[in-house]
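Below you'll find the structures, each written out as structure tokens.
You will see chain A twice below: alongside chain B first, and alongside chain C after that.
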Partner chain A sequence: MKLNKRFRVTVENRGKIGGYLFTLPFVVGFILFFLYPFVQSIIFSLNKLSLTTEGYELEFVRFDNYYYSIFTNTEFNQAFVETITEMVIDLPLILAFSFFAAILLNQKFKGRALARVIFFLPVIYSAGVVLKMEQNDFVTQLMKESNINFMFSGEALQVLLKQTKFLPDAMITYVLKAVDNIPVIIRSSGIQILVFLAGLQSIPVSVYEAAEVEGASGWESFWLITLPMISPLILTNIVYTVVDKLTRADNELVLLIKDTAFTGRGYGVSTAMATMYFAAIAVILGIIFKVFSRYVFYRE
Partner chain B sequence: MKRAIVLDFVKDNVLVREKIKKWLISIIRAVLLIGISYIILLPLITKFSNSFMSVRDLYDQTVKWIPRNITTEHYRLVWKHMKYPVTFFNTFLLTTVVSLLQLFSCTVIGYGLARFDFRGKNLIFALVILTLIVPPQMILIPLYLNFRFFDLYGLLPGTGFNLIGTYWPFILTSITGNGLKNGLFIYIMRQFFKGMPRELEEAGYIDGAGLFRAFFSIMLPGAIPGLVIIFLFSFVWQWNDYIFITLFMGGGAFLPQALELVANNVIIEITGGAAPTEMQGDQYTSLLNNTGMILVIAPLLILYAFMQRYFIESVERSGIVG
Partner chain C sequence: MKLKFSIRKKRISRSAGGDFANFVFILISAAFMALPLVLITCNALKPLSELFIFPPRFYVRYPTLDNFRDLIILMSESWVPFSRYLANSLSVVILGTGGHVIIASLGAFVVSKYDFPGKKFFSAMVLLSLMFAPQVTRIPTYMIMAKIGWVNTLTSLIIPAWQYSLGFYLMSKFMGQIPDAILEAATIDGASKWRIFWSIVMPYVKPAWLTLIILSFQMLWADTGSFYIYSEAIKPLPNALFQIAAGGIARTGINAVVMFLMMLVPVTLFLFNQSKIVETMGTSGID
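Now for the complex of A and B:
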């Protein structure tokens, strides 16, 4: 009874007490199950770790593990560059596709509900262990290879395109790679479509009606209403896609980090790699925020 | 007189053009939708038809989609070697517990971040995002060691308890909103609550409701669409997770682990340990894997089928906005 009374005191008090009370579980969990292991992992990266029956022993080796990952072990640099390149290639494609798909799914047509159910299916079947098994699957690999020959990167077309000299070579390679990647792009866009779709539906119809009365064409209202209104979500989706691409379990570098932990040079090197990788992700996200937040329009 | 006819003609023309335009748009849309749906459904259909093929069909070039000799033999073998009823039950129990806990904790935390003004709110929100961008592999082993020798960081006496092989690591991380992808769930719920009108709670407070009453009986019912999204995602990701389950549970008592081993085990049974013949080679392994994957995904598809109505509805109402 007493407790109840205290909660009801004032509006400002309610804000403070409520805020701390509701977020307390997270703060406790963050310190115990995230921050502590996180700091420990950085400490491990400066040590050589060996397991004993009563726990583990650490031997301080300074930055040896870092030197080793960068200079001695060539796999890390290679996997790093490949992972980042792949992310840079896929990011614009995923964004463009999910935006386009959301606009498509937002229109009124027969069978819309069914189309939506299908479009979000990859979220269900393309995750975790199933995704991992697919990566290693013999037939999937085979299909991928035959697809590459079958689809547009067929050599004849490539040569033909390059001979026409309309576009720079790098661009042609990018486009061809993009075309080959279509199934992957479509299957990893589920959540992004969801976010865009929700955003499109939150734009009040009255804004479009007002524009129409003023004589704006559909094209104009897309560029002047839809795009600015949805720009915060473009940023959200960029961040989600970058994080998802860089931390998902079938990512080459993540696999390398995991394999290194249990074989070869052991856990110290693995954490050193992970720490550097995390720092790189943080820098990339920082740059993205810096560049894109200038273009984002907030309604409030 | 002539003028009226011309006008009429122009009017008709415009109408016809409008009609053609509409037709064209819906045809293009239908083509796109069918094409994309095909790409999305292709792997599911391939796996499904593959899993009923006899080995003869597998190597028959003329058989592509529809098996000529339908067999359920693979299902029998995979079912047996995955110990499907047991692993299914284990996975179902753990996943249900974990996703219910995460549903609760992420909703509460998201609400706290959405509705109250207090010092440190932005910091806590930044920390939520931080948990999302750190690759889980980075903290795997310290986390393992902490649960292996769990002494609450020196607060408990002795060398601590061994929590590995129990539900505790999952329960503790889930109830505090630090489980798999929980940052995303907290983010979604925060956006969701932000989109709900403040007047709802204000009215509740004026009528004498306390903090918890306002949250549970006023805000939660309105947030059901958001809860559906969170529950579905959390369930799916936990069900498919093999990283944390291997780390914390070991053994092979769960579906993801059973799936990874099943092809190998079946082939060993058939060959009796000898080297596999060509008929039991890579394609056969892949067929067994496909069958196993169907068995793992099937419950999720059923769940999705039941929830999709609420799920699609919730997309309409969720307002997951920047």
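Now for the complex of A and C:
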């Protein structure tokens, strides 16, 4: 029995084979277009890369590239801290906004289709080509320079908050940054709204009906049905937001990494920066996962 | 199952004030999002004299189609016909998006619903891959492309799109929400995995793969492909449009039209898709 175990196609084993077959196309591509380049770029980060007539040459320099990015390069540390801080400030706001917007857009009202399209527009704006075009556009440049967002600028609010002394200073800074960021936050929550919307709609109506028959109010069914049912997607959206914020093409640090690779100190330094950045994002997400997965509810 | 409770039609306690507050909230946020589109549309319709007016004016006063005409004239002069660029772009977008949705869903299905050795490791790798800025792996990816011989073919844009790991991640999260009981019931009834996948899982996560389609479409639609493709005849449309628009200040009007066109297609697609996102479990009748 034990000897034969490996060769027997049990139901269980068939499941495993099926599992491998189903993931195979993805895995092959994944290894080819992510895993191999990823390992390769980590190798590059430990070497000095120089171009020769036949291609390139690697010279092993241990952690020199890392030392250089942290201690010698003036831009990296600053850009790093700024990017991370900005992400920490924006993350809760984007999540709250997109969740709220998704709930509103999930209700029935006239012009809902149009409203949904409008809320999705930012996803299209953030596509690379549109960004490039915007940089090309003379008029847009002009408008950007003549500060247009004065309406929601934090300056008026700052005076008010500082005078009333209602909040501690750290809170004030946070609130002000948040207010200044309102357009940014609204514009970077397109996909999150879509994910929440799709999640809200996959909650069976029957659950709400049952709750209503039992006499639950709308408030109760929100906290006891909607929120637990959507909680896995909250985690998903956290991941998406962090990843989107930190790796999008117009991110300050990503631009720096790109510039370093193609016009600056070379590919080695650039990959070293990228690896450190990657490690930082992974740690941040790891912490978020540890904290949040306790509250996530999975339907059995 | 068709029986509906009359109680459902009762409006859950909502006040006129609450409705109004919701409306205002949606309106303000929508204004932020819609403004750029309005501006781009206006710009595309502005005659040259209005484009350079100072201080810049938001709305167009005397709309013309001059910019569109200029673009058409310019396009008809290029030695690669416009339809060729369009065909390139469409084949990349359609094959890339279709392949991505199917492959990512297949993988996500087993990863989220079945156990097999190496599953945990694989999920972790996919999650990690999300965090790595794609700009960094460009050179090694190019080297792989060169080895396989895909450089300067449309394949180099299509196949990597299939392995877009964000789509895989989103899909597996959505599939994780399908109750195991439904799949077990189907297995007991004798459905194969393949059958379960197509007739239970995919209809169940319809909102998810429509989301995926939109996400992948807008990414590929905006892809200039300039990294792998150097023959003019197989470059996708955005590349051509972008080259035209890069002509400097003199082409501001055309640039506006190009921006308008680039946005129009994904917006229209979304407009058609979003009504289908509404159809879900509740209405598809599996419950």
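In this text, the second predicted complex is superposed on the first by the 252 of 300 C-alpha atoms of A that agree within 3 Å, B and C clash if a C-alpha of one lies under 4 Å from a C-alpha of the other, contacts with A are read in each partner's own complex, and residues count from 1 in each chain.
One rule holds for everything that comes next: a residue touches a chain if its C-beta (ideal position, glycine included) is under 8 Å from a C-beta of that chain, and two chains touch if they have at least 3 such contacts.
All of these numbers come straight from a predicted model, not from anything done at the bench.
On the superposed chain A, the two partners chain B and chain C do not both fit; they clash.
In the superposition on chain A, A:F38 contacts both chain B and chain C.
In the superposition on chain A, contact of A:V296 is made with chain B only, not with chain C. Look at A:L197: by the touch rule set out above, it reaches both chain B and chain C.
Within the superposed three-chain model, A:S50 lies out of touch with both chain B and chain C [touch as defined at top]. Applying the stated contact rule after C-alpha superposition, one finds that A:I257 touches each of chain B and chain C. Once the two complexes are overlaid on the shared chain, A:V205 sits against chain C while remaining clear of chain B. After overlaying the two complexes on the shared chain, residue contacts for A:T236 are found with chain B and with chain C alike. In the overlay built on the shared chain, the residue A:Q78 is in contact with neither chain B nor chain C.
In the superposition on chain A, A:G218 makes contact with chain C only, not with chain B. Shared interface residues of chain A, touching chain B in one complex and chain C in the other, are 15-16, 18-20, 22-23, 25-27, 29-30, 32-34, 36-38, 40-41, 44, 101, 104, 107, 109, 113, 115-125, 127-130, 132-134, 137-140, 182-183, 186-187, 194-195, 197-199, 201-202, 232-233, 236, 240, 243, 246-247, 249, 254, 257-258, 261, 267, 270-271, 274, 277-278, 281-282, 285, 298. Listed in rising order, the residues of chain B touching chain A in the complex are 26, 29, 32-33, 36-37, 39-44, 50, 105, 108-109, 111-113, 115-119, 121, 124, 127-128, 130-143, 145-146, 149, 152-153, 159, 172-173, 175-178, 184, 186, 195, 205, 210-211, 215, 229, 233, 236-237, 239-243, 255-256, 259-260, 282-283, 285-286, 289-290, 292-293, 296-297, 300-301, 304, 308, 311-312, 315-316, 318-322.
Of all residues in chain A, those touching chain B in their complex are 4, 7-8, 14-23, 25-30, 32-34, 36-38, 40-41, 44, 54-56, 101, 104, 107, 109, 111, 113, 115-125, 127-134, 137-140, 182-183, 186-187, 194-195, 197-199, 201-202, 231-233, 235-236, 240, 243, 246-247, 249, 254, 257-258, 261, 267, 270-271, 274-275, 277-278, 281-282, 285, 296, 298. Chain C meets chain A in the complex at residues 5, 7-8, 12-14, 22-23, 25-26, 29-30, 32-34, 36-37, 39, 43, 51-52, 54-56, 103-104, 106-107, 109-111, 114-117, 119, 122, 125-141, 143-144, 159-160, 162-163, 165-166, 168-170, 173-174, 176-177, 179-180, 193, 197, 204-205, 207-208, 210-211, 214-215, 218-219, 221-224, 238, 242, 245-246, 249, 252, 255-256, 258-259, 262-263, 266-267, 270-271, 274-275, 277-278, 280-282, 287. Across the complex, chain A meets chain C through its residues 15-16, 18-20, 22-23, 25-27, 29-30, 32-38, 40-41, 44, 97, 100-101, 104-105, 107, 109, 113, 115-125, 127-130, 132-134, 136-140, 142-143, 146, 182-183, 186-187, 190-191, 194-195, 197-199, 201-202, 204-206, 209, 212-213, 217-218, 229, 232-233, 236, 239-240, 242-243, 246-247, 249, 251, 254, 257-258, 261, 267, 270-271, 274, 277-278, 281-282, 285, 298-300.
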